[in-house]
Amino acid sequence: MGGLQIPMEHVLTLAGLLFSCGLLGLMLRRNIIFMLMSLEVMLNAAALAFVAAGAKWGQADGQIIFLLILSVAAAEVAVGLGLVLQIQRRFKTLDMDQARRLRG
Amino acid sequence: MASIWLIPFFPLASAVLLLLSTGRMPRQFAALLGAGSVGLAAVCVALLARAFLADQEVREVTLWTWMTVGNFTPRIAFYIDGLTVVMMSVITGVGFLIHLYSIEFMWEDESICRYFAYMNLFVAAMLLLVMADNLLLLYLGWEGVGLCSYLLVGFWYRDPNNGKAARKAFVVTRIGDTAMALGLMLLFTELGTLDIQPLLAAANSQWQTGDTLPILATALLLGGAVGKSAQLPLHTWLPDAMAGPTPVSALIHAATMVTAGVYLIARTFGLFLLAPPTQEAVAWIGLLTLLLAAFAALAQHDIKRILAYSTISQIGYMFLALGVSAFASGIFHLVTHAFFKALLFLAAGTVIHCLHHEHNIFRMGGLRTRLPVVFWSFLIGSAALAALPFTSGFYSKDAILLSAWEVPGIGPWLWAGGLLGALLTGIYSFRLVFIVFFGEAHHEPERQPGWKMALPLVLLCALALAGGLLVLPLAGVFPHTGHHQPNHLVEYISIGTPLLGLLIAYLLFLGRQVSIDTLVESPGGSALRDFWLGGWRIDPLYDALWVRPYTALAHWWRKEPLDGVYNGVVTVVQWAHHKLIATQTGELRWYATTMVFGLVLLVAIMLRNAA
Amino acid sequence: MSMALLILILLVGGLLAWRSEKAQANLPRWVALATVVISLAFLLATLPQEHTGNWLQHMKLDWMPRFGIAFELAMDGVSLLLLVLTLLLGLVAIASSWSEIDFKPGLFHANLLWTLAGVCGVFLAVDLFLFFLFWEVMLIPMYLLIAIWGHENKTYAAMKFFIFTQASGLLMLLAIVVLAWQGMAINGQLSFSYSDLLGLELDPRLGWWTMLGFFLAFTVKLPAFPFHTWLPDAHTQAPTAGSVLLAGILLKTGAYGLLRFCIPLFPQASMEFAPVAMALGVAGVLYGAVLAFAQSDFKRLVAYSSVSHMGFVLLGLYAWNQLALQGAVMQMVAHGVSTAALFMLAGALQHRLHTRDMGRMGGLWHQAPRMGACAMFFAVASLGLPGLGNFVAEILVLLGLFAVQPAFTAVAALGLITAAVYSLRMLQQAFQGVPDKQRSMPDFDAREMLAMGAMMAALLWLGLYPQPVLDLARPVLEGLQTLVPPGDTVAAQAGGAAIVLGAGL
Amino acid sequence: MMETLFYLAAVVALAATGLALTRANAAHALIYLIVSLLAVAVTFFLMGAPFAAALEIVIYAGAIMVLFVFVIMMLNVGEEGITREREWLSGRNWIVPGLLAALLLLELVIALRHAPTTTAGVDVTPKAVGLTLFGPYVLAVEIASMLLLSGLVGAYHLGRRFIVRRERRGGAS
């Protein structure tokens, strides 16, 4: 089954919308788990853009970059969730506004 | 006479030895070394003087070239002519007697070693000053004697007042010295040498009489001379310098160092002849100083301060002589003054020594019979000081007054002023004698002077009496000024004035025909007395003019005002630091938001560039 | 090669001193002493007898040829003088800290030696990049000396010292890069070598700014008014050895830099700038003297007197004639010795009395006559008594200056009076007056007297027979004079100078 | 027909994402996120990238999201945590993030204005992907493997201490 001929504009706009949603979530949420989820959404949006670009040329490169993003996301989630556990242990909260040891 | 260098070397070596011993030398040995080295130098000077008198030959000795920079080649070299021989004789001769005297005077002082070290150093520096063949070496001696004066005035360092007096002496003379240094720079820059004889020759060939440059140069030199010789306006240090041991006052502040200014002007007289305005200024400074100091001497009650003011006054006469081109008379007065003033100081020192450090003349009295040697010394010294006929002072002062009289124009004024000074000298010197040695006794002397004190007194008495008969070998040094026109009236007046002074002193202080007390206690009289006692209130004036502004400025700047500028920079940086650090909230959301903000901006910029 | 070895000896000696502390606590002192003695002997033993070209000694190794940077060292008379001074004062510094430093003596002596190495490098380097490297190298150990072994306010002082020199050094780096860049534009190849950059026909405006970069770096170090405020703090807070090195040597690197780089590289710009520089010199002379008078802290007083004396160096360098230049070099040497001695004295006093406040001294002469005599000697040396080195320096500077700027000379000569005022005040407050009966303090011991005696002898020698020093410096200074186009002397700028002075006052 | 499917998937993805990010309960949010991922997988498939679509479902929606589930279960936030989340989501908190996100979106849209082309409409088979991946991109594979390894090590390290502590505390009580 052949792929569809979808206007790039639409696909990329979708990616942009998803990315903005992720960004919004990142800035909006105080819970670290939701922040991580927002990151996933953003990564996913970027992946979508790559895949669309690959599809535009009918080449495999887009999917390969998707693969790389996937591995980045996997690693990030693994480490990020480990950190979530540590934060919960140290600060007894997931609220990142309260875990602000970085303050100068 | 290649061994001329030995003359300053003896006292110098002795000073170094004494200093290196750091006070651990036995006092007998220290005294022997201290006085002996000057004695040896005196012997050498005597030999030199005999040789000089025999052949009248100028001797020049170069030890080494101090430095060579371009055409600036001052040498460590000596130039011995008649003037130098006279000065050297006075320094080592009178110096030796004073050293001898010091042995007894300072015997009980724990720092006798240090004392003789400084004294010897002084003699060495003073010898260098007069022997120097160039002005830079002269300046070395000049500053050297200044240092020794500082050290010796502040010799008894535990009393802060002594230290203060010493500092005052050094700093005030240093003001003059700086002027002199500038004079040297001017001379070198214009004439290309500082060797005195070539310098004078070059000045004569390059400059016309009355040019600006010689006037400026001599004015600067005069500044140095005025400082060292305690003339107006830099005379204020000398009365305070009496804080030192009395033999020091005799040697440094009467006989030798304070006359260095006179020597300087006499040595460079060729320059002064090219600058008539400066020379006239010398005369007027001398006259003003001699009058001012004589008035001040009238009101003092510290025996040494009276002598100090009289020294200032007598040096005023020397300046007067230099100002009227009577150089030889000026030097002659320098020599006789060295004799009688050293005598007076030593005698005063003996009084102080025997009365256990009593300085106030009103607490003395009746010492005529109790200290006969001192009395006669004092009497002879005062007679010479007052220039009573046939004493040494008479010959020299008379010559100066006659020379002043003969100056066209201002001459009679100078003469009259000098005469008034002579009258005052008569009054204050015999006031001293009458109060201290006559009348009733307030204190019994604790001891009698020993031979080491008495011998110098006796010898100096002889010199003070007969010194007027000396003929100084100055003919080859100064231009011949021509014979004095015998003017009998002037001479009689000159002779009579000191006698009049003596008479007034007698009436006021011994005979009590006129009550001095009523004079002093009248309102005007007491104000005048206080005014003179305070040395014409010049010290408070200078205090307000220079000292206090300087200390106030220093105090104001104490905390380094410039630091304020740099601290201002620091404050700005710290302020910015605090402002920027406030953005480090530690809130993840804040960071994310700011990043997005930046992202938005960046993309906007990129879009704008792409468009 | 011997010059590189000299620096290497000091560096390695520092390392050895550091490590030797492990073996025995007293060993670092001996190692340091031996190192300095060996390097001094080495320096004198390998001294060439005659010039090869412009230099007494010259060496060049490729380092970063791509950027025209070489390891190039060269020695002439002035560098030799300053090297000898550096090593001698290194000995004095070691002597003065012999019983004073108990905390980590190994590291202390290592830093001391590394400072010396840096200074030697500064005096020898003729590649501008290398020069800058050494300039920084000498800074860091000095910073550590102050920051670790200093007195009550050491952190502040060390920071201030570091920031002042570092910031000005940055300007110099900038100027060096710009200069090398210009050199490439003119010569066609990038080079940081002194000889390649000498005599470039720079664009006047650019040359002026580049000159200013060098000038600022060197005058901060000198230090000239108004960049001197780091000095009183650093000198006061530094340990004795640090003060000795700072005052004795590090300040001279500023003067040396002016003499070696700033003036020869930019003769035209320097000529135009001379009146300003001289005005700064005069201001420094008087300002330093007034502030020295106002201090009650012994070390601070000496520090401000340094500001005053280094003003004479600035005057001498920019008066730019044989007399004044010789005077400036002489002042560098003589001031190095006299101030080092005064700081050693101050350190000894502080070590014994635990105070630097002169108000709490007084009458010390009675308890420590040898110290009193030393203080007297060096105080009168610093007030410029004839017969001692400082006088020769000052009179030469003033004589030279008089020929070009009589008005400046007259004002600067006031410094002679003010110097007397503060020096004598110091003597009076610390050593004269009534001694405190309860106080007991040991006088100088043999080791300290040896150091003092050597410095006294040096000053007397400089004062009475300065010819060897003058002869050593002469070829260098004559070379400097040939940079000036005839007829276009500093005197031509006199009018501008008077205005500047008027504004400055 | 198929195009409609694409736009449907797009709408589902957007809606699910929006819901996911506004839920107070993490578990609910996660479910919505998975839905969103599945919808994106559909678009991949429709664009002719079946391999990517499969991976999206298997790894993203499957493996990675399961990790989230585990963590949420471990933390066991509870009821008051959910109410707190709800409070945080309300009110002015929206203004600045919303504005910025909207701005960025606007910028992106402006940037994408001139892209009139469509996707090629060909399938890129897993075989093609595999050939390219282990051909020119072999280095990227290595880098990715290292990245995953470091992720593994990091996660193990961080998580292990947490678990050990918990066990010890549990044992003590």
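Chains: A, B, C and D, in written order; residue numbering restarts at 1 for each.
Please note the rule applied: contacts are C-beta pairs under 8 Å (C-beta built on N, C-alpha and C of every residue); 3 or more make two chains touch, one makes a residue touch a chain.
From a predicted model like this one, the values you see are computed outputs, not experimental measurements.
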Between the pairs B-D and B-C, the one where more C-beta pairs touch: B-C
Rounded Å distance, chain C centre to chain D centre (Cα mean): 68
Euclidean distance of C-alpha centroids - chain B vs chain D, Å: 100
Centroid spacing, where centroids are CA-atom means, of chain B and chain C in whole angstrom: 37
Averaged-CA centre spacing for the pair chain C and chain A, given as whole angstrom: 63
Set of chain D residues in contact with two or more other chains: 96-97, 100-101, 104, 108
Two or more partner chains touched - positions in chain A: 23, 27-30
All touching chain pairs, where touch follows the definition stated at the start: A-B, A-D, B-C, B-D
Parts of chain A lying in touch with chain D, wherever the complex brings them together: 1-14, 16-25, 27-31, 33-34, 36-38, 40-41, 44, 47-48, 51-52, 54-64, 66-68, 70-79, 81-86, 88-89, 94-95
Interface residues, chain A side, partner chain B - complex: 23, 26-30, 32, 35, 96-97, 99-104
Residue numbers on chain C that touch chain B, as the complex places them: 226, 228-229, 232, 287, 290-291, 293-295, 321-323, 326, 363, 365-366, 369-370, 373, 376, 380, 385-387, 391-392, 395-396, 398-399, 402-403, 406, 409-410, 413-414, 416-417, 420-421, 424-425, 428, 431-435, 464-467, 470
Touching residues (chain side chain D, partner chain B) in the complex: 96-97, 100-101, 103-104, 107-108, 110-111
Residues of chain B touching chain A in the complex: 581-589, 592-593, 596
